[in-house]
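Some structures are shown below for you to check.
Both complexes below contain chain A, partnered by chain B and then by chain C.
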Partner chain A sequence: MATPVLPLARGRNTARPRAGMSAIERSRRRLFWPMLAPALILMILFYLVPIIFAGWLSLNEWDGINELKWVGLDNYIRLSKDPVFIGSIINTLKILFIVGIVTFVFAFGLTMILRDMMGKKFVRSVLFFPTLINAMVFGIFAGFLFSPSGPVNKLLLLVGVQDPPKWLAQDNLFNMIMIVMIWSATGYFTTIIMSAVDQIPAYYYEAAGLDGAGPWTKFRHVTLPLAWDVISVCAVLWTMSSVKVFELILVFGGSTAKPPPTSTWSTALYVFQAAFGSGGDREFGISAASAIVSLVLVTVLTIGLRRMLRRDAVEI
Partner chain B sequence: MNQVITQPPLRTETAKASHTPKTPTRRRSSRKDRISLGGYVGRAVVWLLVAFNIFLLVWMVLTSIRDTRDIARDPLGIPAVPFWENYSTAWNTGGFGTAAINSVIATLISSLLVVAIAAPAAYVLAKSTRKLSSTFTLLFVLGLGVPGQVLLVPVYIMMAKFQDISHLKMINSIQGLILVMVGLGIPFTVFLLAGFFRSLPVEIEEAAAIDGSSGIRTFIQIVLPLARSGLVTAFMLAVISGWNETLFSLVLLTTSENRTLPIALLAFLDQAQFNGADWGGLFAGIVMVVTPVLALFIWLGRRIVEGMTVGISK
Partner chain C sequence: MTQIKPWLKLATGALLATSVAFTASGCTTTDAVSSGDGEKSMTYWSMWTETEPQAEVLKTSLDAFQKDTGIKVNVQWQGRKVLDKVTAGLLSNDVPDLVDQAYDGLGPTLAKTNQLEDLAPVLKESVPGEDGKTVGDVIPAKYFDVLPTYGGDVKTYMVPYTISNVSVFYNKANKVAPDAPKTWDELLDNCKKALAADIACIASDGDATWANSYWFDYLMNRNAGDGSFAKLVEDKTGASFDDPAVLKTAKQIEELIKSGYIIKGYDASKYPEQQNAWASNKALYYLMGSWAPAETGKYAAEGFEYGAFNFPTTTATSSTANDSIAFGFAVPKKAKNTDAAKQFIAYFANKDRMGQISSVANNLSARPDVEAPATLKDVATILAENPTRLPNDGVSGDITDKGFNASFEKLFLGKLTAEQYVKEAKSAMVAYWNAKG
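Then we have the complex of A and B:
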């Protein structure tokens, strides 16, 4: 502004692109709706409308055949008194917090170990692949490997364990499910966290080392603060995927001819069983109500987690 | 910020100089110093984990070519002679043959469609400066967070209604499943591709516009080829999620001739409940479910990993 050269240069710089931009902008505006419409219509048909429909359905009683009956909030009241539903919420929260925290600790541990290890790309790929495979497969594997006379118990017998735990007994089943989940999710989160940690310049660690920082202090004061953004995104991501867990629980420790024991149900399983379960009755209203509860759950948890993690990030 | 970056190395140099005279081997020695006992234990654990994952895959393949009685006797054994009959049993009588064909058709078509529909939308959302476009971007991002089970019952009922009105087979048909998979895949694919389009330099489009290329021609002839790697990644990820789709397939597909692989696997498990488990056939089925994804991962692993992680850290 002060010198005469600057405004001149600036004027030329802005004038040229503007001419170009406006041509692009004009054709873009013309193309905006035609190009967006197909995806937008699908989005409305498969997301917006179904959510609204589910909300309305949750206030009704319907088996899919007879007339729909308005029941108001009855479905929600019934759910609040249903121990299976409460259990499914608790299981989902267990997956979110217990599996989530353990997975994160493992992922960070692996990241720190892998950071300067030979063959880290190979290791990362091998640990990543379970993420891509239908979790059902791991349910079948676990059912086979941990069956009473299965390989795991045979191996334990070899090392002298006469009385192995009853892996697939009802009380242990959900813990086993959580262990399989931790195993299959760790690779994915390790990869994400590693890509964030890899961007931290090595001399930060060197400097910290020279100041006398041990591995823990380096982790606490260099890695954690600098990777914080990615961690908070991972937390949100995990929240969303933990509410969806379905296949693994459906097949865990056996088959689906009969539904899995109710003590292992997640909200996804509850929604499915209420509407299409092998029990026979199709309770679309109850199913929709439980679906809405899980949507509210994921929304509240996501917002809550983001708030919580964002506040911590400000410290840095 | 500048200070923060330049300061540490300076201090490193001076400190190193005063303590260790042999600077050439500095990197090696500092690296060696870092491996403590805990470090060795950590590495051992990592390699054990890697060994376990690889063992699972090898074991899966080996078990799929063993006789069921053989498997029952010694679950961890190695086949003396490969027993390929498991695959023919699984393919023909186990229903995995039809299911594999259905899975391939449903996955490929739905993945192509979802990329074809999402790409233009992602492009306008990434490049448009309209206020509206950020609203729509938010809508797609929010869609990412909706758990599938919320949509399960309404989508099923809507598909049934649509079938009544249109007389097009939607329930218990592959085309119905394809439609659902395309619809459900839109938010993720739009989100992923919008990231790719955003990273493309705007100058190229400007140049095309100045040369008189129309918007749609610029998109098809210039932008799409430039974004090819993004499109391939989006397609691959759609293939993987389509191949593994279970919840909606389970509800929508009811008869054996329309099953996809995950559903055939479930049906096979159900049968085992009554006829005793045919472990050989089951593992052959599992190999069919796992191998295509694994092959894709070995072939295009870097892209898949990037697609699933890079967009997220932004």
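Then we have the complex of A and C:
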């Protein structure tokens, strides 16, 4: 798909009308700043300023009440020595790559199956359903479903499994969290990818079929290239949302008002615990530093991913 | 084509900009408390939510206070996260005159940074309606003595009105081991009896490390004396882990696990599943806060009679100190009506008023002369008869969450032997302090 390039975006002084332009052109240019300003002001106020403030805060020690104390890079040095923070980065990367890859494999698989299926709209709605449920609901229900004498183990007993897995044991906790994420994200991405696949004219598949292509070849040579733009956007969306995973871990692993075990923390949870942890110690400097590290992480990964997935768009 | 007039374009742009700006600021409200035409008033931000029985109790007294003194009280039922709101309010000087929470919330959040008034003078105030008695006369001094300052300058930064504690709960009507054990060996003997009677000895939910670590905390206290837990986890060199008492403590916990005394499936259950199993007589003992009877009431087996005993001693010279968790009032220094707030603290200390904490809310009041609710009679006796300490010796929650818990979890879930635990816990605590800088 070719993106139309607006003449407005070219050159400097875009907003100033010039002689010899058409009336429409001139009025467009006059409206450029008035139309852009509101969004720009909001972006600066609610995104840029907080980020800059967080960056500055990360170089200070602050309990949220007293004066800020300049500590330079100390907070970052402390983070680099903190095994809990390093563990939380590893967990975030696990969510990004393991959950991401499995989710996309499922989404592609479902896309291929659903394309030719009867009643695909209904199935698609069913698949999308988990996205509508707050992941926290599952976090709370998991305690009941997977408890040692819960319904899941009772079902397994019926089919002859005498010694069912310890679902909620500490070792399995993070795996369970990842499974829930896959379960709730698959439907979402399947829906988006399906909408791109729906735009691919059927005759491409018919032609490929006549040439003897099987389902895999059709996917590889028709679906994938023609839906590529949407897929790469999905990958970026996933990257950004995976770094923010928070509430599911908090509810899944935490009991009452206490934080979940550190072995399940993501960077987002670390940021929260440093600022509002159950201990009452408020370390906003450390919290800001870990948030900045997360921001750098997501920026680097997103840029890397965009480069990796960059391809010439295919015109349908 | 009709030309759009330049002024119209500008006006449209300006209109768009202002409408967006207004939408963005639409959520700003003005909730400043007005004190009317010079009448006295005070603001109270509560840790309770409006529908809780504790809120009912406070509401009754606040209404009476308003009637008796003419001081108008503005209450906001903020809930447990009330201190986050106070912290945020401190930046804009918008703080309540009175606030309440547990010592481990008020202390590290506000007392540490010297944001709370010294309430020692309030203890000398007389309690309205009780001739000659002062606040300090009716609330035991030990609840104040035990308060950690967290590095702040003020010691008496709160006045407790309700006390929770941590004890071993059991069903007094049980046939397996009706007598409460006093020593660790007696407890283990009863565990054997429980296994013989085909029930578990100890209930526990594997994910509730905060509760399971009470075992370690109490055993360490019994083995090595008061303050030993704090000494252990606050030692930046980790050398305290070489104390034989630590290995002894770890071995005692290992024995509970290896002997199968802890309820089956505890390592894969989510709180409060096994707590409820205990209430339905599937386990003999449950080490928990004094909220356990209230939480398990509807799961309790027929004829269940709530009893509790102090954590057993491990040696003849063991400490018998009992965990107390005080919840009470505090007054921020930046508040405008501190006198009115202090006046209410003394007003609420009255036996009839504070007594409703017991008779209406079914909690223990901070006054020992108030009759305890039926399910907490034993707890009240334990508190009255023993010295007071704090869970985990009052160390900051961050130390346990990020330093102590991870290796303890492995010990308690049977993944480490006592010896392996001591080694791993030592290096975990050293790493924690190293990262703390």
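Brief remarks on what is shown
Operating definition for what follows: the second predicted complex is superposed on the first by the 265 of 316 C-alpha atoms of A that agree within 3 Å, B and C clash if a C-alpha of one lies under 4 Å from a C-alpha of the other, contacts with A are read in each partner's own complex, and residues count from 1 in each chain.
Please note the rule applied: a contact is a pair of C-beta atoms (placed from the backbone, for glycine too) under 8 Å apart; a residue touches a chain by one contact, two chains touch by 3 or more.
Everything numeric here is computed off the predicted structure, so don't read it as measured data.
With both structures placed on the common chain, the touch criterion links A:Met136 to chain B but leaves chain C unconnected. By the touch criterion stated above, A:Asp82 is placed in contact with chain C alone, chain B being left untouched.
Looking at the shared chain after the overlay, A:Pro38 reaches both chain B and chain C.
Of the two partners chain B and chain C, more residues of chain A are touched by B. Of the two partner chains, neither chain B nor chain C is touched by A:Ile231. When the two structures are aligned on the shared chain, A:Leu168 is found in touch with chain C, with no touch to chain B.
Using the contact criterion defined above for the overlaid structures, shared-chain residue A:Ser27 touches chain B and also reaches chain C. In the superposition on chain A, contact is made by A:Phe284 with chain B only, not with chain C. Looking at the shared chain after the overlay, A:Leu248 reaches neither chain B nor chain C.
Taken together, the two structures place residues 23, 27, 30-31, 34-35, 38-39, 42, 64, 255-258, 276 of chain A in contact with chain B in one case and with chain C in the other.
Residue ranges of chain A in contact with chain C, taken from their complex: 23, 27, 30-31, 33-35, 37-39, 41-42, 63-66, 74, 77-79, 81-85, 142-143, 146-149, 166-170, 172-173, 253, 255-259, 261-263, 273, 276-282. Against chain A, the residues of chain B that register as touching in their complex are 5, 7-9, 11-12, 15, 30-31, 34, 36, 38-39, 42-43, 45-47, 49-50, 53-54, 56, 60, 75-76, 117-118, 120-125, 127-130, 132-133, 136, 139-140, 143-158, 180, 182-184, 186-187, 190, 205-206, 209-210, 214-216, 218-219, 240, 243-244, 246-247, 250-251, 262, 265-266, 269-270, 272-274, 279, 282, 286, 289-290, 293-294, 297, 301, 304-305, 308-310, 312-313. Only residues 17, 20-21, 23-25, 27-32, 34-36, 38-40, 42-43, 45-47, 49-51, 53-54, 57, 64, 109-110, 112-114, 116-117, 122-134, 136-137, 140-141, 144-145, 150-151, 154, 188, 191-192, 195-196, 201, 203-204, 206-207, 209-210, 215, 229-230, 233-234, 237, 240, 243-244, 246-247, 250-251, 254-258, 267-268, 271-272, 275-276, 284, 287-288, 291-292, 294-295, 298-299, 302 of chain A touch chain B when the two sit together in their complex.
Those residues of chain C that touch chain A in the complex are listed here as 1, 3-4, 6, 9-10, 12-14, 16-17, 20-21, 24, 80, 83-84, 87-88, 90-91, 104-105, 107-109, 112-113, 115, 205-210, 264-265, 267-273, 396-402, 405-406, 409-410, 413, 428, 431, 434-437.
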